[in-house]
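Have a look at these structures, which come just after this line.
What follows is chain A paired twice: with chain B in the first complex and chain C in the second.
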Partner chain A sequence: MSGPTSEYVTLVSRDGFEFIIPRNVACVSGTIRRMLDPSSKFSEGLTGRCVLDEFPGMVLEKVCEYLCYNDKHKNDINVPDMDIPPELCLELLMAADYLDV
Partner chain B sequence: MIDRFQERERGERRERRGKSVSGEAAEAAEQGEIQTDKTNPVAGHSALTDYLASNNISAQQIRTDWDRRQAEALRQATEQEPSVTAEQSQSPPVPTSPEDAVKKRKRQQAIARIKNSKEFARRKARGGYDDDSDDDLAIEIHEEQNRRKPGQFANCEICDKRFTVTPYSKTGPDGGLLCNICSKKQKDDKKKPPAKRRATGIGRRQNQSNLLDGLTPHGTQSLLETCIKKVADYIHDIEDFGDLPPSLLLRLGQILSRRRAVTPRTLDLFLRPQYTSIDLFDCAKLDTNDYHKILASMPRLTRVNLRFTTPMKDQVFHYMMERDMNIKDLHLDGANLVTDDCWRQLFTKLGHRFLSLKLWNLDSAFDNETAKVMCLQCPDLQRLKLKFLHKLDNDMLAEISTLKSLQHLSLRFMRETEIETEPVLQIVASVGSQLRSLSLEEFEFVDDRLLQHLHEHCRLLTKLRLTLNSTFTDKGLAALFTGWSNQALTYVDLHSLRDVDMTNPDGPEEPIGLASDGFIALMEHSGSKVQHLNIASCRHVSYKAFEQVFAENKLYPKLNYLDISFSTVVDDYLIQCILRCCPALQRLVVFACFKIRDVHIPRGLALIGTVGATIKIDGITQTETI
Partner chain C sequence: MAAMRARHKIRAPKRGVSKKTEDFDSIWTDLSSFLTGINTKEYASLEYEDIYRLAYKIVLMMRAPDLYENVKQLEQNWLQTSVQAIVTDSISASLIRAEKSTDAQDQSSERREEGEKFLTALKVAWEDYQFGMGMVADVLLYMDRMVRSHDHPPIYVVCMSLFRDHILRSSIRPSSNLTVLDILESTILFMIQLERSGHLIERPLIRHCIQMLEGLYETLTEEESSKLYLTVFEPAFLNTSKEFYRAEGQRLLEIGDATTFCRLTTQRISEEQERCRFMLSTATEPKVLDLLDSELIRANIEEVVNLEGTGVRHMLDHHQLDGLRNVYVLNRRVDNKKSALTKAVQKRIVEMGKEVNASSILLPQAPAPAEKDDESEKKPEKAKDKEKPQNQQTVAAIRWVDDVLALKKKFDDIRANSFSSDQGIQASIGASFAEFINLNPRNSEYLSLFFDENLKKGIKGKTESEVDALLDNGITLLRYIKDKDLFESYYKKHLSRRLLMKRSASMDAERQMISKMKMEVGNQFTQRLESMFKDMTISEDLTANYKEYVARNGDPDQKPVDLEVNVLTSTMWPMEIMSNVKEGTVRLPCIFPREIDALKQSFERFYLDKHSGRKLSWQANMGTGDIRATFIRPNGKVQRYELNVSTHALIILLLFNDVPDGESLTFDDIKNRTLIPDHDLIRNLQSLAVAPKTRVLKKNPMSKDVKPTDAFSFNHEFHSPFVKVRIGVVSGGANKVENKDQRKDTEKKMNDERNGSIEAAIVRIMKQRKKLTHSQLMTETLSQLSARFVPDVNMIKRRIESLIDREYLERVSEEPPTYGYVA
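Up next, the complex of A and B:
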């Protein structure tokens, strides 16, 4: 489930939740893509495991949901916006800014 | 901030629970009271009765209500039985009493009203109901409207138990409400039907609106944009933004301004003492005190960018001067109540610090004299933009040439003001060599001599906007771009450079405005770097010129915005040529290019302004109709 060539990558939240999602889905995020780039020789690139200390599991879960939602609808037109619980939206906003999604 | 949000939600929940608890208490009281009455008739009040009395709940009242309800239920049960047998004997059911007839008529009127309502039309469109089920839908809405509201009591449809209605109460099989326990049971057997797709045609306006914002119709929006929109939706529930970076604050400011949601309350969210800039694009709902608040709570401000500032008055400027604020960039739109005297004082006191000054829409103040004071007192100005200042005209133009540090100049006068060529030439001659951007809009009768001066003096220009002019000739424009020692431009806006003689639609022999030669010369000169190009309404550019500019061997690698509206010669073939030569194109504006019928565009391109064309996006076909 890990390594530079694996099809899946693991995202870890501050409170230890792990989310395993396909690599191409995760790489929609510019920040994660740069972390995972094997040529950068970051440890994330070598192990395929990104520890995102900034975000609690709840926020990271929503980010992963968005990444999958984005992948699922990449060929559709007029896609409605993903539903975001209002109490999460500010934290998610900062996460989105950080992760460049 | 989010904690508060959650707290509030929790509070609401608690409240709701509180209500249902008191409901239970009332029920318990009914039973309790009955018991106490039986067992202890003389002992007076129980502790519970006292407690209830102190909360203004009378046990006696509850008791009488209960008795009355019981009696009524009994009466109804006995009444119904004969009517059922009556219905069985006569096949068409007749209303049994005049009261029923009234009720029935009222109900039918209500349903007819619902059928005319917007809600009905909306649901019908969304749900894809056919005509036969109109009645069903109307009845459904009618029942929904008559349903008990949260906080009221109702009898459960299945178990007949009395309970408090909450927002979570489920609907039973016959349209009534269910109690908590039955709701839970019901939930498991009934799964939600999948959401129905929106019927085509409904979203057209929204799609066009999104296209104009540059959003392409396929794929999802970025999470960032989605979140910003959501934050804007809930702006009135947010107490503090926390530590949002300035870039996001700016974007939020833009979206809130667009929704006209900048109010004295939301303003507080943007006031950060440690930040040095404030950008609000719609201040129409703020009052004079709010401007004071901005200046007082952000003492380190160096950049003030406020638009639609109708209530801004002299006092605000006086405050700035008293505090000797370190403002370097002042951008104000519509600060109409500030007097000329005050503007002059401001320039005299703080002008030496100003690096950029942008003013829009002043009609009752700011005359030529004030402009002269400005040019004298703000020697370091690098950026100057004056748009729609009603009292300015030719007299102040020459003064601009005294601003020796000027790098960016943008001017637009009122339509009625006829600007002469000479003072403009003077400006270009004296500051042209250091100008990086120049925008002269609606200088309708300024002639080719300006183009010659630009050719001669400008070296550093990256942005050039010359629009709404009907005097420049094609020859003059071609000469400007041929052998120009200025670097390649990145931003070019030459829209509406054309002849406007209605009696001669093809224009004179010698073309006026940007025509074929000028366009070819422009793309030769700037094609390698140009990112933004607007040649809308330059209607004398020929088919051949387009073909030559977008020929197979040409490449415009940076071009991401192209506006060719009202170039009526453009057809499907030319669009394909354009797309081939401009790989980075994100927005292509083609209003009134009616020959575009059937095009294949790449992903990520917003094609704006087509009418009834078939647009194919990498395998996804969508036909668009008017």
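Up next, the complex of A and C:
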């Protein structure tokens, strides 16, 4: 499920939750895309495993949900709103900033 | 919504549990060690997330500008301390020396090796640096996003400019002014020079260095036009290329072989294309080709085309299609009109055309140089002698047309094969053909003779398409002839002979010919020719009707004589040519013997019954008759022959019916009793009494010429292997080239006709315009008439004068000269 050429990548939260999502979905984030760029020599690119120390699992889960949601509706118009729990929104904003989504 | 949100408590973002102290300096220490790791390629320990987070933290501390400056400083130090040394060390002393001398050939192999070493070092340094900076820029993404808003270029761009300033623009030796860039440039140019002179070089290496130059910009804003490649290398490259190709052009010219020149040049072009595509930049391709075009081709093409012995002329003569194609392609590159090539081709066509013209004039004169006076005036006594050169002239005429056609075909071939059917060249080839064809004053006559010959004999046994092609060829030539009216009159003359004497091989072909001419030249042109055909058809009906008429109320006492009449409209047929009468002399109708006369009157009655008010005039010299003659041999045997003779000869022979055997008639007798014009009479007597195979009459004294004092008697010893004998008229019927007198005649008639056409055109124009200036009238008249002939300007002037005299026109004003139409 990992490696530089695998179709899926693993995102790991600070508290150890692992989320496995398709590579192209994950690469919507500029940060993750650069992290995984196989032509660079960073260890994330080689293993396909990104440890995101900045976020707890709860936030990362929402991030992954958004990434998938984004991918699912990328060609649609009139996309339904995604459900964002208000208590997470500030942290999500920061995550979005960090990940360049 | 607001109320709902208010109920929930928003979680404050928790900071990660950081073990490190959160001040700028300590984070920077960590970060800079990572960045150095990138530079030294120690990637093993690098985790993107770590570095990114470090940078992120610094930016969150609002210290992004500091980070930016620090990174910049770090990379600059790195370049100055380690990379620069590697690069400058790779530059050997010989490269520096060589930089000063542009002569590529000295110590080429040494320099080449050194150069490759240097290029490799530079390439490796660049690639490593570029790759590292890619990673640095990636991890500092967050910082970039923050600082870009502050008018700073992205860190990657800054780092690239650092490389430019501290590696490429650095001096190679502390004491020297030369920079690495200078050496790079001269080395690459040297390599290219080597390749141009046929050596193999390390293309990918150069390609990488070029890519480096393409990836670096003069300014931080990275405009397309400020690429180092464009600002530094390309001009230098173009300069060297220019010099190289100027020298190359000289060198190739000195070789002095057009074929080689074209081949090598074509090769150079493709080499440069390839070079630009695989080694330099595609953007350079048009520039360097442009240069090549101007230096190598434009400067030299004219000389090449005209090279003695190998130039276009030589290629044309030896049918070197490939060579011509090369020349064409080269010439097209520099000149859309291909003027150099076109000029050469035109010149050659005209030359060859003149040769053809000359040979057609020379040929008839060569075998009969002694008979010069025959050429100048037609002496009736020598008619028989004349036949030879005249025949030869006919042959020459046909040969001329054939030659011209062959020439035309040759150039069409060349054009199709070598000049990719170029329109412009086609036009100019056409113009050249027109030029030399019109140089031959007898063009119309020759062409008409050509048609005549082919329609009489040439098309026998040929398929329809062959005939078609043949006629088409002729028509093509007709297109080039300026004086189409002259051609028309010749054609008419020849056609009338063919029709009346039934010499035409195929009426279909004749009709086809007419319709082709119609398409080519227009309705007006063929109108008269068509009406000639119509006359022939009407005459056929008429003859049939007359036969019926005779059968119904024919006189039983008459010996039945078959009559076939062609009634011709005198305005449509070239009467004056047929009747051989000079203007001004009154022509007496010849006296028909009573048998014929009765027939004639009977037909006239019949015809005038049908069409009252018309006048029939009999053209005896155009007809033929069949006569059954009885010869009594000395041994008493009777031998009968059917003689096919001309009408005149028929009349003459019928005279002898009334002459007792053994007695003779003198020339004057015959003349007085028949009133046949001298000229025709002589010819007919010649064929009856002189021609060895058809000697029906005896002449006394026996000689070739017919003199007024000669006496003629019936020759009972006439002998022939056939029962039917055809007795032709000497030098009469066949279509020959005209002699000078006839020519003058024709030209005179032509002039008269032209005068008429010009006047008609002028009056037409003026009737429509009422008032017109002189120059406008001229142009309009010329354009109206150009389809038929090219009138002489003086001729038009004289016509205008004459029209004014006759009060069709009037002078309206003098300044500018203007004419008005008088109704």
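The definition used in the following text is that the second predicted complex is superposed on the first by the 101 of 101 C-alpha atoms of A that agree within 3 Å, B and C clash if a C-alpha of one lies under 4 Å from a C-alpha of the other, contacts with A are read in each partner's own complex, and residues count from 1 in each chain.
Please note the rule applied: a contact is a pair of C-beta atoms (placed from the backbone, for glycine too) under 8 Å apart; a residue touches a chain by one contact, two chains touch by 3 or more.
Keep in mind that what you see is a predicted model, and the values were worked out from it rather than measured.
*Asks:* Between chain B (first) and chain C (second), which does A:Met94 come into contact with in this model arrangement: first, second, both, or neither?
*Replies:* A:Met94 sits against chain B and chain C alike.
*Asks:* Let me test your reading of the model: by the given contact rule, A:Pro56 touches which partner, first (chain B), second (chain C), both or neither?
*Replies:* Only chain C is touched by A:Pro56; chain B is not.
*Asks:* Figure out whether A:Ser40 sits in contact with chain B (first) or chain C (second), or with both, or with neither.
*Replies:* In the superposition, A:Ser40 contacts chain C only.
*Asks:* Across the two complexes, what residues of chain A are contacted by chain B and by chain C?
*Replies:* Looking at chain A, the two contact sets intersect at 86-91, 94.
*Asks:* Please give the residue numbers of chain B that touch chain A in the complex, ascending.
*Replies:* Counting only chain B, the residues touching chain A are 1-2, 5-6, 9, 198, 203, 207, 217-224, 226-231, 233-234, 237-238, 241-242, 244-245, 247-248, 617, 619-620, 622.
*Asks:* Which residues, counting only chain A, touch chain B once they are in their complex?
*Replies:* 63, 66, 69-70, 73-79, 81-82, 84, 86-94, 96-97, 99, 101
*Asks:* Residues of chain A touching chain C in their complex?
*Replies:* Result: residues 14, 30-31, 34-35, 37, 39-45, 50-54, 56, 85-91, 94, 98, 100 of chain A touch chain C.
*Asks:* What residues of chain C sit close enough to touch chain A in their complex?
*Replies:* 4-5, 8-14, 16, 41, 43-49, 52-53, 56, 134-135, 138-139, 141-142, 145
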